[in-house]
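In what follows, chain A forms one complex with chain B and a second complex with chain C.
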Partner chain A sequence: MPEFHLTDSIITQLNAQEPWPDNVKLFQPYEVEQILLPDNASCLAVQAFLKMCNLPFEVEMRWNAEFMSPSGRVPFIKCGAFVVSELEPIVQFAANKGVSLCGKLSTEEKAEMRAYMSLITNVLVNAELYISWVDSETFNAVTKVRNSSVYPWPLGWLQTRAKRNAVIKRLKALHWYEKTIDQVLADVEQCCNSLSQRLGDKDYFFGNSPTPLDALMFGHMRAILMSSGARAGPLIKRITSSLLRHLLRCINVTHMTLTTQEEYLVTQAFQITRRRLSPERTASERSTRMKRSRMSIRNASKDTIHSNSNKTFLVRHICLCKVHFRLV
Partner chain B sequence: MGTVHAKSAHGDSVGEVGGGLFEFEEPLEMDDEPISKPTIKLNGVRARVDRVHVDGLNRTKDDIIRSTVDDLFHATDFEDVILRAHKVRRALDAMGCFRDIGVFIDVSSGPGATPEGLEVTFQVRELSRVVGGINTTVSENEGNLVLGVKMPNVLGRGERIAAEYSMGYRSSSNFSVAATKPFPQKPLVPVLTGTVYQQNHEYPWSGYRLLDRGALLDIAFKTSPATHHNVQWEGLVRDTSVLSKTTSFKVRESSGPQMKSILRHVVSVDHRDEAMFPTRGTWVQFTSEVAGLGGGVAHVRTELLAQANRRLARDLVLQAAAALGVLHDVFGTELADHFFLGGPTSLRGFRQRGVGPHCEGQATGGRLYWAAGLHLYAPLPFQGSRTGLASLFRSHLFANAGCLAMPENSGLESLESLKLVRVSVGAGVVVRLGRGARLELNYAVPLRAQPHDVHAPGIQFGVGANFL
Partner chain C sequence: MASIELDIWRGEWGLASIDLECLKVLTYMKFIGVPVRVREANNPFFTPKGRLPVMKDGRKLLTNFEEVVDHLKSLHYSTDVHLNTKQAAEASAFTQYLREKLYPAYQYAWWVDEKNYCDLTRPTYAKALCIPFNFYYPSHYQNAAKEMIDALYGEHTDLREIEKTLYNEAEKCLKTLSDRLGESEYFFGNRPSSFDATVFAYLAPLVKAPFPNATLANHVKGIANLSRFVARINQKNFRHVTDEYNRLNAKKQSTGTQSDREAANFPNQTRNKILAALFAAIAMTGYAVANGMFQRWATWGWQRTMLVNKFRIAKNHYDKITKLKAAKAKDDSKPL
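After this line comes the complex of A and B, so read on.
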């Protein structure tokens, strides 16, 4: 599906220097019933990037966004006559229009930023693809249902099968297909660790203003918090508290709203961290905690999110959490 | 070898298999009575058929042959025998099981022979079990190399399986596998066909590419010798993708896979003497289809094609053709379902799909159209143009008119949009390619066009099976 023409790119280069128009549209799959974890991450990252740049845009959801995109991946933006897909080309496109988040960075910092961005693409994206398409529990419970939701039977089945084969082919080429779920989660953990080490106590990865790397990280963290299925819990556990703080900071900058599930999880996480920091804690509480640097969530709360039958319980929890959230 | 005997001595003979399959053919006796030179009224010579032999049968089943030749036993005079023998020969030929068929008529002899009895022998050669071939086809302005394998007469009753794989020069590959089962004895002579296919199409004029994968079930039958019906069900998955990065966004919006289930009825009445260069007669084809029994597309689509021919002078033929189409969208109808108009075999003088709404130079099609054409055909204007290779050529003068519209609202107001007529005139040369297609080289001048139309005045070259 990807098509590239030299003339196209030259035309893009020449005409792209006009200012950012008001009628820019961002196309992505349906957020509630269709979008999958890896796509959601990249859509949220692009949205966050555009908001960080203060570039106006409108989100338009289409069932065939993936097929409309020139690269075959979501999201893509339509800016006048131009159609640009995925985060990095969009960053480049915005830079051509004179809007850049990494203007203050030195060359080394820019290189470092690219390195971290490719770390995220190499680890988090592949892990998300693995969990969505290879892990049979998530595939059967979430991916299959969501991916085929926009097609009539039996086209949904055919499309899901074709896409699964394509993803498996990609993962095989990258030697990810042979990994076990534990290895994948360990990779995610390592990636999160090194990113939170880089972040440390700072507000953003580079300096005191957001960069495309912040947008990308933010997109992935949110997508993981929004995810569902049997592997969502183990995945969420890998998010460190500094990454969580970073997420909240990005929320403030972009003025995006958290979903109830995200709000609930974030609140839970902060509650636990606070409880952990306070000296009087019971032994039983200590025993439920994960490793020191991890944010941990009690198993009970995690289970409520994944079982649909226990919705009322979840809602009650969320109501409680909202109160807690304001306190935090 | 099968032998069919008529046993009953009376006129109402019923054929039945006599003897054995391995019986030797009775020696042909060559003692024909010398027929006197003066003309004989053949229908005055009383005759009846005693026996029918069919030689050369191998895997073809007897019952189907028996019921085909049955007709011969009803003959009452010699002329009747000849006519019926010819009819049977044609019926055997239409089965598609035999390579060549010879007919011998002889007086009958031996036990059970009646005084005016005749024996009819059909000598047939069956087609081999597998027939392969490589040929080239031309369709909608694309040439293809076709590799084909056919298995005629698989089960002995005219059933055939045909598989085809073709490569187009636009790097598209298509295949189709079709299984056909004729029922020559049933009323209306139905033919049942099941096809599985994959087809690639590229439409640079609209900026998209289609990949169709589907199955087609077809029942063809005849209600009169000239009236041909097809009832079809087609289920397909259509993958639409854009051709380039600069494709207009409107075309881009319709990309993605779609599933379609179509019920179609095609009826055609053909009274012409020939399909490609007719000299007289009319032809009407009416197609109506309903999509939406399953799948993500629902619409009703009807199309009418008509043609009338009239010989003016010895070789001068006047032809009038008309086409009309209406598409009513219920939901999910995309670009590929629309009607398109214009091109070297439809509305000449315009680019392929050049008539009607365009978006950034790319045709987006319409839901209503009409078109008409008037041709005056004559042989090539030189000596000996009526025989040999030159008989494949015709020169013609033509005038085309038509309109394609995409009305916003349905109802009577939409008919207003059909008044924006496009007209073109021109002259050219037509070459017939076999029985099904033709090639045209024309000089066309568009006389009336609308602002967004893409016209192509001057020399135009086109190949097509359907033409206006």
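After this line comes the complex of A and C, so read on.
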């Protein structure tokens, strides 16, 4: 339709005239008590992207951010007269203002970047949705509690039900609902492998500077490290060392701070790498390690059954990470 | 090795199959050159998941592309051996990219767009299927596609807006693919890979099928190197299918007498006549019965039949007695 293109171009022009204002606000749900794994990943990705671009913004937490957003998905930014939601439109919006991270890339590299971004959104996002809404353990222990925490009693129950149905409908349409949890984790593993192979030993995916792909990757990895619930351990197991290094690199660039949980996990992981790579390890040492690791798995599964307090999450994470960080 | 069998949807318009998934598997097998017996089953009713293609290797039943690729790899048939790990990662990323951006648009063009569905998709699938199933499957598939579009783009209420976003995304995706392909023959190196099979399966139906509403198809046809890519793979792997289609087409158009052409326009004429006569006969008989035209049938009843039978039995009895009496009278008269 011609009218659409007209308005589109007007918006673009208006947009380009104004510089990036100082009072940009990023709206998202409450980070500590409300936000869920998939939303957290996209919020962190947008924050990382804006920080990589050196664009000033303020994070504003609202319990109803989801309903304020024009597309129904968090996060969204309010920039002057414009409200833009989700990473890809925000990247586009920033590019219209003349701020772009992928200016140096060739067309082929841009194509590749888009492909990897949709690998992440297709596999990791769907896996996160599956784990938080379909997997009954995580749904009962984490998702239900967190999602309904901001509503009064009957409303919380209704809203959670409605949202779960919507997510299940989406996953059914994409043929993800039929998968078992093992298949989902296998897909995540394959995705992480692909990404770490692409990353190799480099700091960033393309060249020496971050791109939107790096921001997206960072958001997901960090959200997974921050996640809780019975499936958090198996998910964290899938992160490889090169992705972890990438995470730290992005942390440095964006000047974000790690939470204690993440810091602990990351340091543990790196200690294991060092130990594993060191040449003086003997066979006997390896066998004792194996024994211990099996025990810690058993303990971890007991923890899942008995209690869900925050402390045991941490303990379990550490156990699982010690054992299973698949480090290249 | 037991021979591999493959059940697929039939082909049309010079394509080996009208279905995306079938075409993917078929193209992949052609790339490898594995001996396979292709059967145009055209009926997903007896398949394990209600979907075609189905690959049978001995006792194993495989129903989707990834499974087939994995299975053939375990038999040491693979096209992806020349890819290094980085290229393999890139191929999987691009596969997901197509799945995210092009697949919804493809499904929209085939099933959700009302004009295409009525004029092209529904007749094609209905022609392929046999009789009770052709009332069910096309609308079943359409509902599935509609549900997918609704789940992914539920926030837009207007169908035209959805169409526009979908086709925009798809156009961007095609542009990206064309940039990636450049002027090379295949996407990775100079040999075909599984990703080439996937791309061909997406693009070939769009290029070949005569869509009434051809927005998406025109996007593909407008990109020169992609349409050349499709033509090249078609030429190399499915030449016999295209040739046969062209020959049939040419025959239909030029040769043949008037009656032949008429017969071609209306196939199964005798069968249709017989069916019509049968139908008319049944309808008329039904009408007659409903109106009570067969009075004897209408007044028939168990009690009446029993009564008649009783009379008959009584009459037989009576006859027997009279006969015996007559015989006795004879006997009595003799000695006298």
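Throughout what follows, the second predicted complex is superposed on the first by the 265 of 328 C-alpha atoms of A that agree within 3 Å, B and C clash if a C-alpha of one lies under 4 Å from a C-alpha of the other, contacts with A are read in each partner's own complex, and residues count from 1 in each chain.
The criterion applied here is as follows: a residue touches a chain if its C-beta (ideal position, glycine included) is under 8 Å from a C-beta of that chain, and two chains touch if they have at least 3 such contacts.
Predicted model, so just to flag it, every value in this text is computed and none were measured.
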**OP:** With the two complexes superposed on chain A, say which partner A:Ser118 touches: chain B (first), chain C (second), both, or neither.
**Re:** second
**OP:** Check the residue A:Thr260 against both partner chains and state whether it touches chain B (first), chain C (second), both, or neither.
**Re:** neither
Subject >> First, second, both or neither for A:Met68, with chain B first and chain C second >> reply: first
Original post:
Taking the superposition as given, does A:Glu108 touch the first partner, chain B, the second, chain C, both, or neither?
Top reply: second
**OP:** May I ask you to decide whether A:Lys169 touches chain B, chain C, both, or neither, giving the answer as first, second, both or neither?
**Re:** second
Original post:
Once the shared chain is lined up, is A:Gln92 touching chain B (first), chain C (second), both, or neither of them?
Top reply: neither
**OP:** Please tell me which partner, chain B or chain C, touches more residues of chain A.
**Re:** C
Original post:
Thinking of the overlay built on chain A, is A:Ser241 touched by chain B (first), by chain C (second), by both, or by neither?
Top reply: neither
**OP:** Using the superposition on A, tell me which residues of chain A are in contact with chain B and, in the other complex, with chain C.
**Re:** 1, 4
Original post:
Of all residues in chain C, which touch chain A in the complex?
Top reply: 85-86, 88-90, 92-94, 96-97, 99-101, 147-148, 150-152, 154-155, 160, 164, 176-177, 179-180, 182
Subject >> Complex contacts: residues of chain A adjacent to chain C >> reply: 1, 4, 71-72, 107-108, 110-112, 114-116, 118-119, 121-123, 166, 169-170, 172-174, 190-191, 193-195, 197-198, 200
Subject >> chain B-touching residues of chain A, taken from the complex the two chains share >> reply: 1, 3-5, 8, 11, 62-64, 66-68, 70, 78, 83, 151-155, 158-159
Original post:
In the complex formed with chain A, which residues of chain B make contact?
Top reply: 237, 240-246, 249, 252-253, 255-259, 294-296
